[in-house]
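Labels for the chains are A, B, C, D and E, by order of writing; each one numbers its residues from 1.
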């Protein structure tokens, strides 16, 4: 186990290194002059030269890569050309909200996807299965940006069941100000016992989380269904049947745990995907997350910021995979033997 | 002069050795390789076929080291017959056989099929359209196509039903090529191989004339193996020792299962000559006496 | 001698309803109800990128204009600068000497008094920093503060300094002692009616402002004491928030939603022509558009009326380079769409349906729906002339970079002046230079250059002559040189909650709401 | 592999659903191919006077901001979206399968190097890397293809490396080697064809994903450009009209949904029939 | 205990097993032999109603319950508790994520039996397994141990009969000898009935009282083991015997 852990960590580090180099390469390819972007549209040549020097744009490429890696490691992710703040600070501000949204969405997706997948597997080839398959397929196939618009129009604007946009009712900050610990609003509200903001955040979360959750819930349901059906056709399920267990308890007590392993891999995969999918949703729901930051950065050619976002999401992906690999050891004893 | 000879070869996958320092001659009159599942039989066969390079030790092809030997000649001399799935599922079997032939020799396909007792019109079928026995015959026909001197047979029949098995074995017995035969089935070895080697946990524990070996085993594992085989109408098979114990990591690998295990068994036994065979056991004489 | 006095003279005493003039709240009406509501503005971009009043040159103007003040403020109705921190001013020596009298008793939010010395330091710092729009002070040679209430400027050449001082950018008077500490958005150094309450970068409610108690204009109970900026990039979202009363002001809707706003209960719509127009610049120096006939053909190919109709009210057909409402606007210079004329010109230049295909490259702003409409219409019209328009949307700086390297045949951009004066269209866009910054039609004409250089002096000394000069220049540039096509002038379409009174759009300060002027409807 | 191929498909509704998907795909492809003949109006014909007309007999799906017929554009948009999907899948499958099969067959350090490289690419979610690349390459349909393909090939590399590795150990491959068939021929004749089945399934599943990603890119303004008809772009252009002129957004959105749905259902059906355990992306 | 008359199992209209008569009494061992695909497993599974998707007809009585007409509840009551199943592949027949002891405890609870440590340990010891093995996962034990555990399950649940579907064909001969030894002992000591499916005639001959020979879904010959194997009546049985080396 320890050797496996070390090897796995080594691999993760290698991937991170690759990610850094790749990010760097891509960023070098961005057309347009970051100095121009920084100094502003009506900047004078002197201002441009200053900006150029500031970003080390006059050095050879490999020196820049070396400096880039060194800076990254020491926590200097560069300065955003657009916001003129350190990129890491910007990310620290924007990422918690994204995490909140994606976290909520994934919880929702698991809470819906797993039972629904079990249901479909239990009644495979019968009506509930067909229903689950069609619905989950639709959930996977719907363009999120379109779904976001539709849900917002119907449930927030027309029916008024949920707030139209935003993370929580900001005016609550005057009556019961939020103390920040983790920067994740709902978590902070929960641990400081700030119920007004907690409930407000929860209400605001419903629609965007639902939209972001559509895709993961769909794939999770499909995956759970497929692996359960597979697992339930294994020899061991036959033995359990022969021991007198009910079909449902075979699925939930024996088949689900080994079936969770691919589902876990899937969640790691979907996690990073959902963050990026969230980008499309955040704009519609005015969610103060990474999405707006990323999109604005892209449009303004804000190279350091784009690199920051790219790196961050890639790191999250690598980390999520690492966590999942370790979790798989817990869920499935066979994986521990690797 | 033997065609192939393994000299103190260690074989493995990645960095883990699974066959440890085996020395083995392919003698005339058929060589048998027996041993339990995972003992390294297939691994050894792959090495003899040049598909796996030894981690240490050498394989001699006549007087040449196989590593540097003339591949073309070697391929024409030595051919495999594997246990299952030896035919590309997407290829018509005629083409599979033709692959073994030079362009000018393609006309020999029907002839080869007949040689193994198949109708030539089967050539246009794909493997899944054939029965297991027919498939195995095709495999043999392909191997014979290059007119090899030696066939390396890895469980050629164990995936087949007994009745089919018998027919394939008849076919093999009728061939005049040399063979290295790998099998679980002791009776098959008895019938087809003059010499046999017993493999346990990647080591040869006993080798010698098959009849002697199975008649009066000198190694406790050979003995356990022989007595565990059920015989028609015979007494119930006997379980000797703790069959499910894993091979010992040091000393005699069999000692954890051996009913005769003694303190000296914690030293690895050197192979030695006992009663006309080579045995790697400190207590070979006791075993002989009891068998 | 004989300088013109442009200020109203003395302390202005506008009527209570006049929101655009100087503050009026000093005489508190008794009986007004205390207003503790927050006025919520929904901008579509992040509000603040630069807190420094000297270099600020971006969207933060919507907050800064309420925190900081300049010497004057432009009045879009009278079309004149009006007193703000200066109460009166005069110029002499053909507009090369300017004297401003400063308002007394004004305090910075830091508590320090605002006097001539402070104002001088502020402007000098802005000039020295030379960032953002600092170029507006380009004419200034020296500044003196002979006494606490007098500020004297000597200029290198004549310029309308009262107008310059009304600029939305780089003209703020601030406390130079405190200004170095404003970058974190916790404090400011202004004199305006509002001061920073909280700034949380990247949050939805990015910025909140609160009333500055000691504001020189005083406070009335019904005025808004709290303001919040809630960043809402999606127009639809903004509209829905507005309908539900969660925000009070949306700076930009699309024409369809704007129409809906007009007929939606609880919402009021306000529509004002802006000073911002679309410039379609043709490369006059190289490529196929070097041929003036091609440029003219392109001018004719644009379906101006179709475009304006597709814009559904968010833009109006332009006449000349200068939008209406500014000095130098010409009437009767509306462009004409005439495909057969275009074809004729193309054919005479060797292109057109019977000749080889002409490929033109063009860039426009990413994410701008109106420009995209323009591109769609133009490319489909040009197709009929056997001209393929290869239009690429680009981020501004990438597009601009390319433009400076003469990378495209057609370059599209909006232009608006930093202060309410047409000079910048000509100086920045059409005056020749070796390294073009905004002269992206690469026009190089000594006669035009000379005429442009004479404009500030004329504006400062002889408005009528200035009008004539502007008229002539536009005809030269648009008709004779065909360096540019001007399809439309944008119209600002604002939507507010119905319960707000006193809003007036001032196109000289794009997107700015002067919250001090607002109050809830009775 | 043979085990996978010969596995029986699940009976009943499952197959019928996959069949429905296949039928839908045929319909969408036909509609796209025949667009020039069945579209009621010429492509890209603007008519600002008739902008934003609601659905009617003359314009079944209404008209957009510059008066183009939405139905016509949805039909032409199918050509764009489907070509993007085909191009992306062809490119990424070609690159990915080649590298994957080489990695799987060669094993050892070759496999390690190739797999680590794919790991790096996999660490970027497709949309994100495509976003970044789209900035670098300048938005266009070609860019979309390149950008998505760059993020998509590693999946095929991984998939076919795994299958190729297992195929490379099959006795029939060993047998071919023993017959003296040269290594490249062994790969091309035996390893490659037998590694393709899971790839085919994955291709069908991925078609939906590619169409969605391409639409998302265009939606963000980084993909297809005016006046090209592309569904994501059309949704983006009509986005602000959702509450006032719903048809401009709804029909292209539905087109994306239906097409992605059809591909996903077909792919899922195939996978259910062949290998229920492969990870969906 | 088990009584089969005119059993016929068909998948999608194709009859894959037809058994005119099969009886298993307490303490008896009956073997079913035949080639791959001859319907041996199908016959065995149909005795516990485990042939999903098949059309089963005839008359099957197991421990007094008519399997073909029984409710799922009645079926579950005999499954495991009265008649136990042991299958071919040792590890694959055990849920990979469940510790052996947990599986046994769950099964005992399911049938309302005491499930204390002692009960478990006793069952393990009855098949000569170290009780410590109950804390392991299936992949941590050997094939022979897995098969013996499956038998221990049957003992713990108090089953009267064991249906074994090729219980040793995945094992090495040495291990096979051990598992067969355990089965024989249980039969002698506890009077367990054993229905053994195998393709290994030699193995069958050493343990079975009676033999059914199947081919292509039908029983071609049946009778006392000694008789059938020494004087085969059907040519197919003869062929089988001749094939033995």
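Assume contacts are C-beta pairs under 8 Å (C-beta built on N, C-alpha and C of every residue); 3 or more make two chains touch, one makes a residue touch a chain.
The model shown is predicted, which means the values in this text are computed figures rather than measured ones.
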Give the chains in contact with both chain A and chain E, ordered by label.
none
Could you work out which chain's C-alpha centre is the most distant one from the centre of chain E?
C
Set B-E beside C-D; more C-beta pairs touch across B-E
Distance between the centres, which are taken as Cα means, of chain D and chain C, whole angstrom:
46
Centroid of chain A to centroid of chain C, CA atoms only: how many Å?
40
Geometric centre distance via CA averages, chain D-chain B, whole Å
49
Just curious, how far off is chain E from chain C if you go by their C-alpha centres, in Å?
89
Multi-partner residues in chain C (2 or more other chains touched) are 234, 236, 240, 366-367, 395
Would you give the residues of chain A that are in contact with at least 2 other chains, written as numbers and ranges?
31, 149, 153, 157, 298-299, 301
Mind pulling the residue numbers of chain E that touch at least two other chains?
none
For this structure, enumerate the chain pairs that meet the touch criterion.
A-C, A-D, A-E, B-D, B-E, C-D
Where on chain C is chain A touching in the complex?
38, 45-46, 49-50, 57-58, 130-133, 135, 200-205, 228, 230-234, 236-237, 240-241, 243-244, 246, 366-367, 395-398, 400-401, 435, 437-438
Can you check the complex and tell me which residues of chain E touch chain B?
35-36, 142-145, 172-178, 180-181, 184, 199-203, 205-207, 226, 229-230, 239-245
Footprint of chain A on chain E - complex, ascending:
45, 48, 50, 75-81, 84-85, 87-89, 92-98, 106-107, 110-111, 137, 139-140, 150, 153, 157
Counting only contacts in the complex, chain C reaches chain D at residues 234-236, 239-240, 254, 256-257, 259-260, 303, 306-307, 309-310, 312, 366-367, 369, 372-373, 375-377, 379-380, 383, 391-395
Given the complex with chain D, which residues does chain A contribute to the contact?
11, 14-15, 18-19, 22, 26, 29-31, 124-126, 129-130, 133-134, 137-138, 140-146, 149-150, 153, 157, 219, 222-223, 226-227, 229-230, 262, 265-266, 269, 272-273, 275-277, 279-280, 294-295, 298-299, 301, 306, 309-310, 313-314, 317-318
